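Across the two complexes that follow, chain A remains constant while its partner is chain B and subsequently chain C.
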Partner chain A sequence: MLTLDLHRLRFYARIYAKLILLQLRAAVEYRADFWIGVVGAVLMNGAGLVFIAAFFSRIPAVAGWSAWEVATLYGLTMIAYGLREMLCDGIWTLRVQINRGEFDRLLVRPLSPALQIVTSLASIHGVGNVLLGLVVFLTATHRLELDWTVAKVLWVLMTVVCGLIMVTAISFLANVIGFWEPGTQSSFPFMVSNVVEFAKFPLELYGWGIRFLVTAVLPYGFVSYYPSLILLDKENPLRWLGYATPLATAAVTFVTAWVWRKGLARYQGVGH
Partner chain B sequence: MSAATSTPVVTSPGRRPRYLAIAVTAAQQAVAYRINTVAGIIGNFFWIAILYYLWRAAFAETTRIGSFTWSEMRTYILLAFGLNALIGFPTASRMMYAIRTGDIVIDMVRPLNYLRTQLAQVAGAAVLEGVTSFTIILALGIGVVQILPPASPFAAVLFVISVAMGFVTKFLFVFLVALLCFWTINAVGLNWAQLAVVNVLSGTLVPIELLPGWLRPVAEWSPLRGIVATPVGVYLGQDTGWDLTLMLGLQASWLVLLWTAADRAWPRAFRAVEIQGG
Partner chain C sequence: MPIIEARGLTKRFRRPVKPPGLGGALRHLVRPRYEDLTAVDGIDLSIEPGERVAYVGPNGAGKSTTVKLLTGILVPSDGEVRVRGIVPFANRIANARNIGVVFGQRTQLWWDIPVREAFRLLGDIYEVPDDAYRATVGELVEVLDLAPLLPVPARQLSLGQRMRCDLAASLIHSPPVLYLDEPTIGLDVAVKARFREFIRTMHARRGLTVLLTSHDLGDIEELCERMVMIDRGRIVYDGPFAELTRRFGYERSLHLLFSAPLPEAERVIHRAIGERAPVIIVQPDETSVTLTFDGRETSAGELIRDLATALPVADLRIEEPTAESIIRKLYEGTLSFDGADRSDRQAIRT
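Moving on, here comes the complex of A and B:
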């Protein structure tokens, strides 16, 4: 039984890699547009970094977090988000595909529709966010003189993988609304996706409403803040939640899978 | 385009109503997509909240940062985002996508001035999107955040004038960036770049005096400060006398310069159009 599942998993992984590489290659083809996209994405996040630089040039620390500790959160969030843009951005085409009736085509192919939708787009500009995020994260941890043990390296890898899955799952959840509300124009998914901005800063700054939102509703806090409590050895009553990062990610993934199936079951096509 | 103005049009009652009609249509479109409009507005609130909480924590330790007190800072944050939202991301996207998708040809065949048509459309949409979000932000400001009133009645009047100039400044900047879509298909990337540059140089994310040293002089003299920093500075009464005149003069000069540039740029951009399969 297990061997059979592993076999299928390997098959899916191979198909995924092939399809996403195809998309990435297509995206790089338009050289000038690729660079405009990368520069645009990097500037967007660079603006936030300018704010951090300005803010912490006046104040040494906020709520017990220094500039470089905040930069760690900022970097981790950027890496997860950028990886999603590069590798799992296809869900953003769902509403347009449903609206134009192109989604029918996915359903008749002998491959999981979720896999097909994930690989239907690769936003190559994500590479800018990943690289800037990496630079910010590595500079920050270097300045903090973080003592890199094997455990910490593994912890960061786990955080990044979980972060990628988390932001992908939430963007799925936000876009699946297309099955119920098939207009092509909607700011709703963008709004949900933008909640990730809160994860770039320590959560104890916010009021309880925002904290609850990014911990229990759209748990972006697990992309950066909670795992960082452990990475940076912060004293915090919620530190234990850091260890729940994989659990929280799994929970959101299951909910998303369930909603996705509900949506698929509801899909009726547009009358072709 | 000069042909349009020299041809006597009997049915058209003059210039203003034509552009007014375009503005009204744009406003109606914003009503039609109101969920969109509201979601766009809420998306804008996230950074207001982030900045508010960060500065609040900072001011818990000290009474003054730069020349700002806590009540001045929270007033600044709310007004800055409110003003910057008058022409939002969706408006800029619309301008860019019209070029990207080829809908622009409709504007090209209209016997109207493209720059003024676009200004009318943006103003129409802003009446709904911008003013709604500005009102929400103001309500939030008075009810929850407790912002300061204008420094004086005189400051209030100058603020309104400065906001009007800032609005057209932002429109012209976005317009010029949108024209680049005649040469690239990556409208989203351009829009992000535009947004980021405006957020920093206008003083929306951080007041200009608190910017890092190398960036400060650039922001100090750039046309973009007219969008946020100048009107909010006027509101708070930060500049008086000669400084105030200088700031408003700078804002007005940039406005004239940008308008001239935009007026010359669009006919050139129109020549770059390639119609596929035409």
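Moving on, here comes the complex of A and C:
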């Protein structure tokens, strides 16, 4: 049902904000976890950044991309991914909740189960990713002497919002498998999710297989690469795809919503 | 008009049949096989507003599955269900506003969020107006004595404390229907008593309709006037709890104590009562004897009249079956539900 009910929408936004803030607060209260999360995020992505720095210290550009341009991609991806971790990480609890029957309780509340599942957890790890991503992105665009027009600012905002939605939608797709196979062992969701790593680098680096994968199957390319073609004014035959970013995001969201419904209808609970 | 109505309600689970061992699991990957398990099998149920119904049956009978069908968690394989005119699984959100649910095994609260915050969230989620929220939560906190628990996150609550918070959480939006699936599991005697008191109070104040599953006869006896018993997914008894003892309590025992040792009591008794009725005689020692008989065939009075002259009876005691013993026998299958059936006498002998 795609009826736009403004009251309902506002209501959902309010409940969502309350839930996620409470979860973030609870996460911060586990203090050791908080610091491990932040430091972990910085270390993990720091390694990637060191790699870029080392790589570009020898070669000035790869496939037409300079170091700071690649850093822009890297930063954008980290921001989108980190926001997802901060705001929608609960989806990663879906398989466990299905497996243990805890999902039951989401179905007896007058609230969309999808909203309840994304708010069942907030990860501090994301805060580190977002902060580091921001630093990297802002430094890179500064070094590139990007001319910040209003249009560009709006374009970046659109990119980040679409990126967050895209990454979240794909996380849903990856985890919805729990409705079909309620085991919690499968590494399938992690594999799907980790494809995002490709989006941190220009797609020119990859063969046609991977390009196709991140453009048409798990379109992580729209999280940073395609919109950056426009942001950074790159000459590229696929530049027009950058403008399709909102469309691609909407398409993935639509497919995800459809699969989610199919999965929900299959829910069988557990035996007690 | 009934508030809960089910007709022909059926739930079949499809379960993978996996031969044992790793080889079996692999074979299942290549050619999966499934079997159907009918957990709820054509149940007809009609509950009026304000009724308190105990839903009982042996382990695996299909009680929890029925509750999940009535709450809209599961989609029925067959049959119809309506709660306040709403089809639960088809309209989960509208249905959720009408019901409160408590599962004894798991909490409905948010694991890491303090109880007070969880209550407030529920108030927002159910869109309870401010003044109604204050009144309801005030009442629940007082009756359930929750004040000391409010700042504690759910993960730190003990089982009994968590249960009390869950109960309150299920009633914050003042639903007309409350489902309780084994709400007293693992509670101590005092908390159990308090729980029952609470349900009675809420029933009296709000006219709650309650459906409760429990293995604790005390819950059923104290809370519910009506009992529905299911066995292998089918309803085998639906009626007043008290009626159960009347209908199935035909097995009586007569304990006699002799004034002098009487080793051959069994022979004497058989001679004295003759062909009156089949009686099972157990003689634990030389000075006492227990006769078990069918209350529909003969009465304790007739037996006593026959025996009083033949035996040196010093004292006697008549024992009627308790609800517990009846239910146990019904679960074990040693007592049949077809009440008047002759084959019941077979059951008595076991």
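Observations on the structure shown:
Simple rule for what comes next: the second predicted complex is superposed on the first by the 268 of 272 C-alpha atoms of A that agree within 3 Å, B and C clash if a C-alpha of one lies under 4 Å from a C-alpha of the other, contacts with A are read in each partner's own complex, and residues count from 1 in each chain.
In the analysis below, a contact is a pair of C-beta atoms (placed from the backbone, for glycine too) under 8 Å apart; a residue touches a chain by one contact, two chains touch by 3 or more.
Computed from a predicted structure; not experimentally measured.
Partners chain B and chain C fit side by side in the overlay (superposition on chain A). Of the two partner chains, neither chain B nor chain C is touched by A:R10. Set side by side, chain B and chain C differ in how many residues of chain A they touch, and the one touching more is B. By the document's definition of touching, neither partner reaches A:R239: not chain B, not chain C. Contacts of A:F188 after superposition on the shared chain: chain B is touched, whereas chain C is not. Residue contacts after overlaying the shared chain place A:P110 against chain C, while chain B stays out of touching range.
Contacts of A:H142 after superposition on the shared chain: neither chain B nor chain C is touched. When the two complexes are overlaid on their common chain A, residue A:Q23 makes contact with chain C while staying clear of chain B.
An angle of 90 degrees, to the nearest 10, separates chain B from chain C at the C-alpha centre of chain A in the overlay.
Legend: residue contacts after superposition of the two complexes on their common chain; A:G101 is shown touching chain C, with no touch to chain B. Judged by the touch definition given at the top, the superposed model places A:A265 against chain C, while chain B stays out of reach. Minimum Cα-Cα distance between chain B and chain C in the superposed model: 7 Å. The residues of chain A shared by its contacts with chain B and with chain C come to none at all. Those residues of chain A that touch chain B in the complex are listed here as 30, 32-34, 36-41, 43-44, 46-48, 50-51, 53-55, 57-59, 62-63, 125, 185-188, 190-191, 194-195, 197-198, 200-201, 205-207, 210.
Residues 11, 14-15, 18-19, 22-23, 26-27, 29, 100-102, 104-105, 107-112, 120, 265, 267-269, 272 of chain A are the ones that touch chain C when the two sit in their complex.
Taken together, the chain C residues at the contact with chain A in this complex read 13, 64, 68, 71-75, 92-94, 96-97, 99, 101, 103, 105-106, 108, 110, 112-113, 117, 121, 124-127, 153.
Listed in rising order, the residues of chain B touching chain A in the complex are 33, 35-37, 39-40, 42-43, 46-47, 49-51, 53-54, 57-58, 61-62, 65-66, 90, 184-186, 188-193, 195-197, 199-200, 205-206, 210-212, 215.
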